[in-house]
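Two complexes are shown next, each including subunit A; its partner changes from subunit B in the first to subunit C in the second.
Let's turn to the complex of A and B:
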């Protein structure tokens, strides 16, 4: 089988997918990042290698997500793209004619507005990560329910309680108050979903023209309580695509297909990288008072990348070594 | 005598004026070093916690001058334009700074042109009398200083960035950069001390240039034009810098060569939240892509880069869609 790999290295999860030449998703792997992006990318690629039929050919690899540069250097990516573009590309392929994409991930939430297949506007949450997947995760853990059960329980609510959604810290204390007053768990969870949706539409969706078809994706789209809350708030049907939680990776693979075709070959280093030893570390450069934190990645002892220096002293040194 | 001037806040507007004025009166002007992590760290340690990032940076620049100078120039700038104000934080600046320990004497003079321009000459006379009793010499220094200032603003209006314009005004060469005409041009708006301080802005101008994007700012538009455009607002803003930003934005929205607009705001800045919001609304109704970036202390550049990359993708995508 011939196809393309897309890797989305996010704060909470790492998604690796394989699409065939026609852009159809063949394999999808969803792993928790657990603070070790490199190890998990290696693990995911190994798993993918095992799942693909023998003799499969990788014609291109794309990376996206906040760890896209790191992952791109390790695997040898043909396309390294930001997650907004990746999501927009993937969704317009899967849901032709999409006009609004709501995406809520682990630390980020974004809204992308498309008209006639072109991104015309987007927004991401600002410095605060309130109301994203990590917060739901944390609250589920506090209430001792599994995150998979969260949505189902919320659906059982008869009347959702009102919870302050402006800030995750306030939301948590409000939830505790409501719980101590004797409100039922389903009502509290449904209230939380509504608060998050309200916060999302006020902050990220502020001033955006939300027109159907509306697609909801990202890890949080697994939560049926959130889907219902969005439907109620927007009074529009919400579509959740089949690979909603790996759409960024799908977009990365589609972008890799494009750039590998342009280049004529792929930069992919092969599945062997799963067995290489990678180390990352950072040090403080004392060359000037900027005191940049320089990050360096080594592959079997040799430095393959450095970044974080403002002047380029360290990152350029790697490039020169490679050329010579 | 050595007079210290912090390389921060209104330095980006009025440095040429004060440099010439002090030099003409026989003083030696010492600038603080360009912003670095070290300077910001010193500022953060001493600043009141609720001021914005650029004011915290200002603290650091004042501390950088300690030990190098005999006096620090720290005027209380209340207003530089009739019936307009500068941000309230500037009014309290000398009072905030005075609380620092072991400072050399400060040159504190009120400058308030709210009613009329005459106050400027009163201030100049007061400052000049520190150095000489000769009124004629002070008048001559003031005249030369105003000439230098005029030349600086004229160079900015011609499309130069402050660093280049300052080099020309001071007769330095070498900083001359040949800027090629780019296919894609965006307007970068924000307070000058955020936009032009490479540390605060995470080098956004340079990054955009490296991505092959032409950058034009509010200071590139002559005052007359920004004033006439800003007059379109139903009610005039209180702040001089805000008015300039809004006027420049309205001007750029009508320029066919400008493909997008980026607003750079400091987290917690009151005027920015207002002007940014107004600009965003007008940009939307003009159909010009708009991006709002919020800056704070974090040195992680991934957030800014993701948004900037996605924004440029969108701008290019839209441009291609419109032309085909």
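Let's turn to the complex of A and C:
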């Protein structure tokens, strides 16, 4: 089998997917980042290698997510792209003609507006994480229900209670009050979904023209209560793509297909990297009062990348070594 | 008297030139750094904006190097900047730093006061000498702008990454060193040669981005996380709505130098959307965004410090302008964060958006 690998290294999870030449997802692997992106990427690739039929050929690799640069250096990526572009590319492929993408992950949320297949506007949450998955996770844990059950229970609500949504702290205290007053669990959960949607639309979606088709993706799209709340607030049908939680990785793979085709070959270092020894470390540069934290990645003892320096003294040094 | 003043990008080059021309002992604060920010955030009020904290940090660091007098611009609302000099001075006093404060208020409101302050600063120098010093400073400001513009053009087109940055840093050093008009003319020539010598790909298609917003965060690379440099590396040519010499021409010479962008032109362009002065550069931000859109720029980025009221007004108006012209606008709000990854992700996504849009349009 021939195809492309997409890797999305987020703060909470790492998604690794394999698509065939036609862009169809063949394998999808989900791992917790657990603060060790390199080890987890290596582990994930090893697992992927085991799952793919013998003799499969990797024609390109793409990385995205906040750890995209680190992962890109390790695997030898053909495309290293930000999450916005990756998500937009993937969703356009799955839902042709999509005009609005709502994306809510563990720690961040974004909205992407497309017209005629091109991104024309986007926004990401900046100052507040109230409208994201980790808040839902936390509240589910507080109410002692599993996050998988959250949405289903919320659907059972007849009249959702109103919960303050501007701030996670307000939401939590408001929720506790309603609970102590004796409101039912389904009504509280449904109210929470509505509060989250309100928060999202007011902060991330502020001033954006939301037109159909609207696609909802990211980990939180698993929550049917949230889907319902979005449908009610927007008065539009909401589509959730089949691989809603790995769309970033799908986009990275599609971007890798594009750039590997342009280059004519792939930069992928091979599955052997699962057994290489990588080390990352940081040191504080004392060249000036900025005291930049320089991060250094070594592969079997040799420095392969450095970043974090504002002046470029360290990162350029690696670049020059590579050229010579 | 050992004079210091706050940093704002390359402002220190012309200001230092001017003050030294007047024969003053000048202490340039160390370049704004994480340390500056830490000092400013520690002693400044929590709700003040980023420029306030950096200014305050600059003064403390300059005091450590022996400065005893602060020269700072004033202003008269609605932007809070107008009282920053006094508040910063009061904080320094509480900290036990006994520093003299000379505030230069805008000439259109307080001309006699301004002249008195200049007299205080210049001692017994003749008005002719003072005029020459201001002219020298202005010439330096123009030379710095030329270098900045050349770098903005070369960065996205350079063949070897980092070449422009090297030439740019060196050129600025040359301009900074010049102490007479003659030396300055020589330095201008060498600086120009240096930047012209950067190997570039002339035929490369680059996206063009106009930067608008609050003046400090626009002109000061430390405060905006080196946005211009990052955009250049991502392959975008950047133009800015404010350059130092334009600001000087506008506010000190009251628009006497011809052929430059002025506040008047920007406000005229803003008319369909905002007809009132809202403080700071809010009105100009809207007007300059319109000008950039009309000039066919691919995108516009607005930058301002967290809690900046005039720019918040502009931010809420920009979507309307955007709907009329179809030019994408992105707003970046800066504060004390020094992690660049978040800003970089947004800039990269924005440049991608513009590049793909441009490709689709040309295809």
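As a convention for this text, the second predicted complex is superposed on the first by the 323 of 324 C-alpha atoms of A that agree within 3 Å, B and C clash if a C-alpha of one lies under 4 Å from a C-alpha of the other, contacts with A are read in each partner's own complex, and residues count from 1 in each chain.
One rule holds for everything that comes next: a residue touches a chain if its C-beta (ideal position, glycine included) is under 8 Å from a C-beta of that chain, and two chains touch if they have at least 3 such contacts.
Owing to the predicted nature of the structure, the values given are computational and were not obtained by experimental measurement.
Peer 1: Should the pairing of subunit B and subunit C on subunit A count as a clash or a fit in the superposition?
Peer 2: clash
Peer 1: Figure out whether A:95 sits in contact with subunit B (first) or subunit C (second), or with both, or with neither.
Peer 2: Neither: A:95 stays clear of subunit B and subunit C.
Peer 1: Go through the superposed model and pick first if A:222 touches only subunit B, second if only subunit C, both, or neither.
Peer 2: Once the two structures are laid over each other on A, A:222 reaches no partner at all.
Peer 1: Contacts for A:1 in the overlay, against subunit B (first) and subunit C (second): which applies, first, second, both or neither?
Peer 2: In the superposition, A:1 contacts neither subunit B nor subunit C.
Peer 1: Considering only the touch criterion stated at the top, classify A:312 as touching first (subunit B), second (subunit C), both, or neither.
Peer 2: second
Peer 1: Is A:164 in contact with subunit B, with subunit C, with both, or with neither (first, second, both, neither)?
Peer 2: neither
Peer 1: After lining up the shared chain so the two structures overlap, which partner does A:119 touch, if you call subunit B first and subunit C second: first, second, both or neither?
Peer 2: Both subunit B and subunit C are touched by A:119.
Peer 1: Have a look at where A:210 lands relative to subunit B and subunit C in the superposition and call it first, second, both or neither.
Peer 2: Touch partners of A:210: none, neither subunit B nor subunit C.
Peer 1: Have a look at where A:236 lands relative to subunit B and subunit C in the superposition and call it first, second, both or neither.
Peer 2: In the superposed model, A:236 contacts neither subunit B nor subunit C.
Peer 1: Looking at subunit A, which of its residues have contacts with both subunit B and subunit C?
Peer 2: Residues common to the subunit A contacts of subunit C and of subunit B are 66, 81-85, 116-122, 124, 126-127, 207, 288-291, 310, listed in rising order.
Peer 1: Help me check something: in the complex, which residues belonging to subunit A touch subunit B?
Peer 2: 66, 81-85, 116-122, 124, 126-127, 207, 288-293, 310
Peer 1: Show me the residue ranges of subunit B that touch subunit A in the complex, using the header's touch definition.
Peer 2: Counting only subunit B, the residues touching subunit A are 33, 36-39, 199, 203, 267, 280-281, 284, 289-290, 294, 296, 298-299, 302, 305-307, 309-311, 313-314, 317-318, 321.
Peer 1: What residues of subunit A sit close enough to touch subunit C in their complex?
Peer 2: Touching subunit C: residues 66, 81-85, 116-122, 124, 126-127, 207, 288-291, 310, 312, 316, 319 of subunit A.
Peer 1: Along subunit C, where are the residues that touch subunit A in the complex?
Peer 2: Spelled out, the residues of subunit C in touch with subunit A are 30-31, 33-36, 161-162, 165, 226, 306, 316, 319, 328, 333, 341, 345-346, 348-350, 352-353, 356-357, 360.
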